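Following are the structures in question.
What follows is a pair of complexes built around chain A, which joins chain B in one and chain C in the other.
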Partner chain A sequence: MEHTKHIWRISLLLLLVLIGAVLGRHFLIPDSFGKAGFYRYDALVELMGKEPVHGAPDSCADCHDEKALAKAAGLHRSVQCEVCHDVLSSHIRDDDKYADMAINRSYKLCAYCHQKLVARPAAMVQVDIAEHLELAPGDAIPAEACLECHDSENIHAP
Partner chain B sequence: MHEQAMNFLFPNDFHIMWSLMIVLYPYITGLVAGAFIVSSLYHVFGRSELKPVARLSMVASLSFLLVATMPLLAHLGHPERALNIVITPHFTSAMSAFGMIYGIYLILVIVEIWLIYRKEIIELAMRSTGFKRWFFAAVALGVYDISDESRAIDHRIIVVLAAVGIPAASILHGYVGFMFGSVKANAFWSTPLMPIIFLFSAVTSGIAMIVVLYIILTKLNSRQIAGDCVQSLAQWLWLFATLTVTLELLEIVSLSYAQDEEWLIVGPLIRDKIAVSFIGIQMIFGSLIPFILLGIVVLMRRYLTDTLRTVISFIAASILLIQVFAMRWNVVIGGQIFSKSGIGFRENYVPELGGREGVGMALLIVTIPFLVMLLFNKFLPLTPPPEGQVDAGE
Partner chain C sequence: MSRDTRRNDFTRRDFLATAAKGAGALGLVVFGGGFAFVSANTVKSRTGETIGPFEYDPTKHEYLYLIDVSKCIGCGSCVRACERENDVPRHYFRTLVERYHVSRHGRVYADSPNGGRDGFDAKDIDADITKSFFVPKLCNHCTNTPCAQLCPVGASFVSPEGLVLVDEERCIGCSYCVQACPYGSRFIHPVTHTASKCTLCCHRLSKGLTTACVQNCPTGARRLGDSKAVGDEVVEIIATSNVRLLKPELHTEPKCYYVNCSQEVR
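On to the complex of A and B.
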C-alpha cells in the first residue's frame, strides 16, 4: 500500500514500546515478588531486621509484676500498658532501663473510651465529662481532670 | 488529638484522609474525559461546526491527562512506588485496572494528536534548521508524506481512534466514580449511580473548559470567534449540565424519599454541614444560574448577537467549572465528615495553604496543563489555520 509508510512506522514504534514495557516489567519486578503471596517476600526480612518499637503484651510484667497482676484482675485488663504509657522502646534499650517512662495524663485519653456515647455498650462506664465535673457552660475541662481523683492504683485495679 | 474521637465510634472517622488532592483528582480526570468527548463530537459524530475546537480539545485532554496522577502522588507520598501498581497489577483491583486504562488511553490520545498534527509537524521540520529540524523530523518519524492519499488514511484512523477513545474515556472516568460508589460503608457514596453522575459531570466540565479556553484563546489571538461553534458548545453544555444536575438531584431525592437509615445522617449533612457548598454553590449558583443562562442561548438563538452569546456562554461555562469542582468537593469531603456509624459529624475540613496536599500544590498541578498547552501552541497551533486552508486530516 502506498502512502502508509508513516502508519507502519508508528505501529512499529508502538510495538517497540510494548516490547520495552514487557521487558522493563520483567526487570522491574523484585526477585522475591510472589514467592509466598502477592507481595515482595524480602520486605518481611527487611522488617524483621528493624528494632521493635512496641513491647509484647507481657514485656512490662518482667519488671513490674505487681502492677501487671493488679491490672490483670481489673477492668482495664484488656487495655495494653502502652495505650496510656509510652512505647517500651522509649524506656528500655538492650534489656536495661534507658529513660523514665512517660505517661499520657490527658483527660482526652480517658474520654477516648469513657465519654458518654449512645453507640457504646451500656455496661461500659461512661460519663459526660463536663457534667461529671459540674463545670459551668463554656468552661474548659482541665487537662488532667480525670487523674486528679482517679489515681494510679484506681486505674490499674479499679 | 482525641477531640474529634470523643463523639465517634470508629477511629477512622475522625481524620479527613482524602484531602483536597482527592477532590482535584476526579476533577482533572473529568476534564480529560470531557475534553475528549468534545473532539469526538467533531471527529466521530461529524459536528463540523466544532472544527475550531477539535484540536484544542484533544491537546487539552492530553495536557490534563499528563497531570492526572499528580494529585495521587502528592496525596500518597512515595512517588517512587507509583509504578508498582502498573508492573504488578492485581486483576481484582480496580485501582490497578486504572493503571492499564490510563496507559492505553494515553497512547491513544498521543497517536491521535500525532495524526492530527502530522502535516504541521512535517512543515515545521522542513522550515526549521539544526536541532529543531532534527527533533521534528524524528517526531514525524522520518516520513514527509503529506499527499492527499496519506491524509485520507490518517483521517480514517483518526475516526477509529476517536471512536475507540469514547469508551476508553468513559471507563477512565467511570472508574473514578466507581471507586466512590463501591465504598459500601459510606452512605453518601455507596450508590451505583455514582459512576454515572461522575461521567456526566465530567463531560459537563470538559465542554465548559473548552468553551472558556476557546473564547480566551481566540480573543488573545485577536481572531473572530465562530458563533456557530460557541452556539453548538453551549447547546451540548446545556444538555449535559441538565443531565448531570438531574442525576445529582435524583440521588439525593431517592435517599430522602426512601427515608432509609442513611438519610438520618445524609439529611443533616446536606442541610447543616455542607449546605453552603452543596445547596448554595453546587445547586443554586452552579446549576440553576447556568441552566437559565444556557437556556437563553439555546432557546433564544435567533435573537442573540454573537457577542452576547459569547459573553453568556463564557459566564455559564465558568460557573459550571465551579459547579463541577463543588460537586467533587461535596462528594469527597462531604462523604468524610460524618461518622460511618451515623452517630455524628466531625468539624469541617479546611485545606492547608502550603504543604504536600495544600492549596498551593493544587494550584501548581492545575497550572501545569496550561503551561503544556502554551508550549504546544508555540510550535503547533491549538486553533486551526484561518478559513480557506482545509485540512484533510482533521
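On to the complex of A and C.
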C-alpha cells in the first residue's frame, strides 16, 4: 500500500489538467464557434449584416425618374448611374438627400469605356480620343473635353 | 530473474508515460468535441435547429460566377465599384481586370496597371499581336479551398452557401492563406493587418442585391448565378456552353466559370 500516495498524486494532477482544459476551452473558444462549422458563426452574421454602399440597380429612379427613363431609352441603358456618379450612400441617408452627388465631368470617365484599344471587343463603340477631338499631335486633352459636344442630355441618353 | 524484480520493471517512468498517453487521449475527447460536428455546409446547430440570422437563409443558395471574356471592355467599373463598396485600400484589389496581348508565336504580354482601376491606355508592343482581350479576376470561392483549410485559428471559413470568408476578429495575420491561394485573391490589409479578400458582397446578397461588380458591369461580362434557384440563366449557360475554370489541375473546384476564354489565361 506504499504506492497509493503516487496514485492520488497523479489523479490530482490529471484532475487539474482536466479542469484546466475545460476552463481553457470555455474561455478561449468564442460563443458561436462551431455552430455551423469550424468558425465563429457570429462572424458570418457580422459580414452579412454590413450596410450596402451601392444602391439597388434602380434606386436613383425613385427621385430622378425623368433621368432614369431617358437613360433607359438610350444606349447608356446598361451603364449604371453609380458608375459615372458616385454611390447612393454618398448622397442619400434615410431616404433623403444629405450631400451632393458627385458629377464626374472628366474625359477620363468616357475614356474608361470608349478609348480605342486593341484588347477591347470590336463590338464596343470606341473612338480614338485624340483623333475624335481633332487634336494636333502632342496636344493635351482638355479635362472636360467631351462635354463640349456631348451635353448632359446626350450623355444620359446617347 | 525473480518474479519480484519483473514486477518492478514497470517503473515510475513507465507509469508516467502511460498516464500521459491516457491524459492525451482524454484531452482529445475534451477538445475534439468541437470537431465532431464539423461539416462545412450545414447550419444545423448542436441541438439540431437550423440557424439563419436573416430572413435570408444561407442554406438555400449556392452562388456561381460567370465571366464572359468576349464581353469585357476593360473599363474597370467593377474594380472601382468593389473599392467603394468594400472600402478596399488603394493598391490592393479584391477583384481586378487583366489585359492580355498574345503574339503569333504564343508569347503572352499580360498587364494590369493598378488592377484596371484607372482604365487602360493603349500599349505599344513590338510583336505581331494576333489576339488581345481583357479578363476580370476575383476570388474563385473554391469548393475545395486551399486557403481556409490551413487557417490555424479558424478565421478563414466556408459559409453555408459556399463563400470563402475571413473572420477579421479571429485572424492573426499569419498570411498562410495569402500564400496558399493559387489565384492570388487574398492580401493582408495594411491597416487591420488581417487577411482580406472578396466576400462576393455577401452583405448585399443577404439583402437580395447582386454584387457591386456584377451590378456595375456595363456589358454583362460578369454575372452571378445561384445553382439552388430554379431556372437560373447562369446555371443554364454553364451547363450548355463551353466553359472553363482557372487552374482546374489543382482540383480546387472553383465556382467562377469563364466563357470564351483563351487558354493563355491562368
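Just so we're on the same page, the second predicted complex is superposed on the first by the 108 of 158 C-alpha atoms of A that agree within 3 Å, B and C clash if a C-alpha of one lies under 4 Å from a C-alpha of the other, contacts with A are read in each partner's own complex, and residues count from 1 in each chain.
Please note the rule applied: a residue touches a chain if its C-beta (ideal position, glycine included) is under 8 Å from a C-beta of that chain, and two chains touch if they have at least 3 such contacts.
All figures in this text were calculated on a predicted structure; none of them were measured in a lab.
By the touch criterion stated above, A:6 is placed in contact with chain B and with chain C alike. When both complexes are overlaid on chain A, the residue A:108 reaches chain B and chain C alike.
The partner of chain A that touches more of its residues, comparing chain B with chain C, is C. Contacts of A:117 after superposition on the shared chain: both chain B and chain C are touched.
Looking at the shared chain after the overlay, A:36 reaches chain C, while chain B stays out of its contact range. When the shared chain is aligned, no partner comes close enough to touch A:73: not chain B, not chain C.
Touch criterion met: A:51 reaches chain C, while chain B stays clear of it.
When the shared chain is aligned, chain B comes close enough to touch A:28, but chain C does not.
By the touch criterion stated above, A:99 is placed in contact with neither chain B nor chain C.
In the three-chain superposition model, chain A touches both chain B and chain C at residues 6, 10, 14, 17, 25, 29, 33, 38, 108, 111-112, 115, 117-120. Remark: chain A residues 2-7, 9-10, 13-14, 17, 24-25, 28-29, 33, 38, 106, 108-109, 111-112, 115, 117-120 touch chain B in the complex. Contacts from chain C toward chain A in the complex involve residues 12, 15-16, 19, 22-23, 26-27, 30-31, 34-35, 37-46, 51, 53-54, 56, 58, 70-77, 80-81, 84-86, 99-101, 118-122, 129, 132-134, 154-160, 165, 167-170, 199, 201-207, 209-210, 212, 215-216, 218-220. Every residue of chain A that touches chain C in the complex is listed here, in rising order: 6, 10, 14, 17-18, 21-22, 25, 29-30, 33-41, 43-45, 47-54, 56-57, 78-80, 82-83, 86-87, 108, 111-113, 115-121, 124. Listed in rising order, the residues of chain B touching chain A in the complex are 1-3, 5-7, 9, 83, 87-88, 90, 107, 111, 114, 118, 140-143, 145, 147, 149-150, 153, 157, 341, 343.
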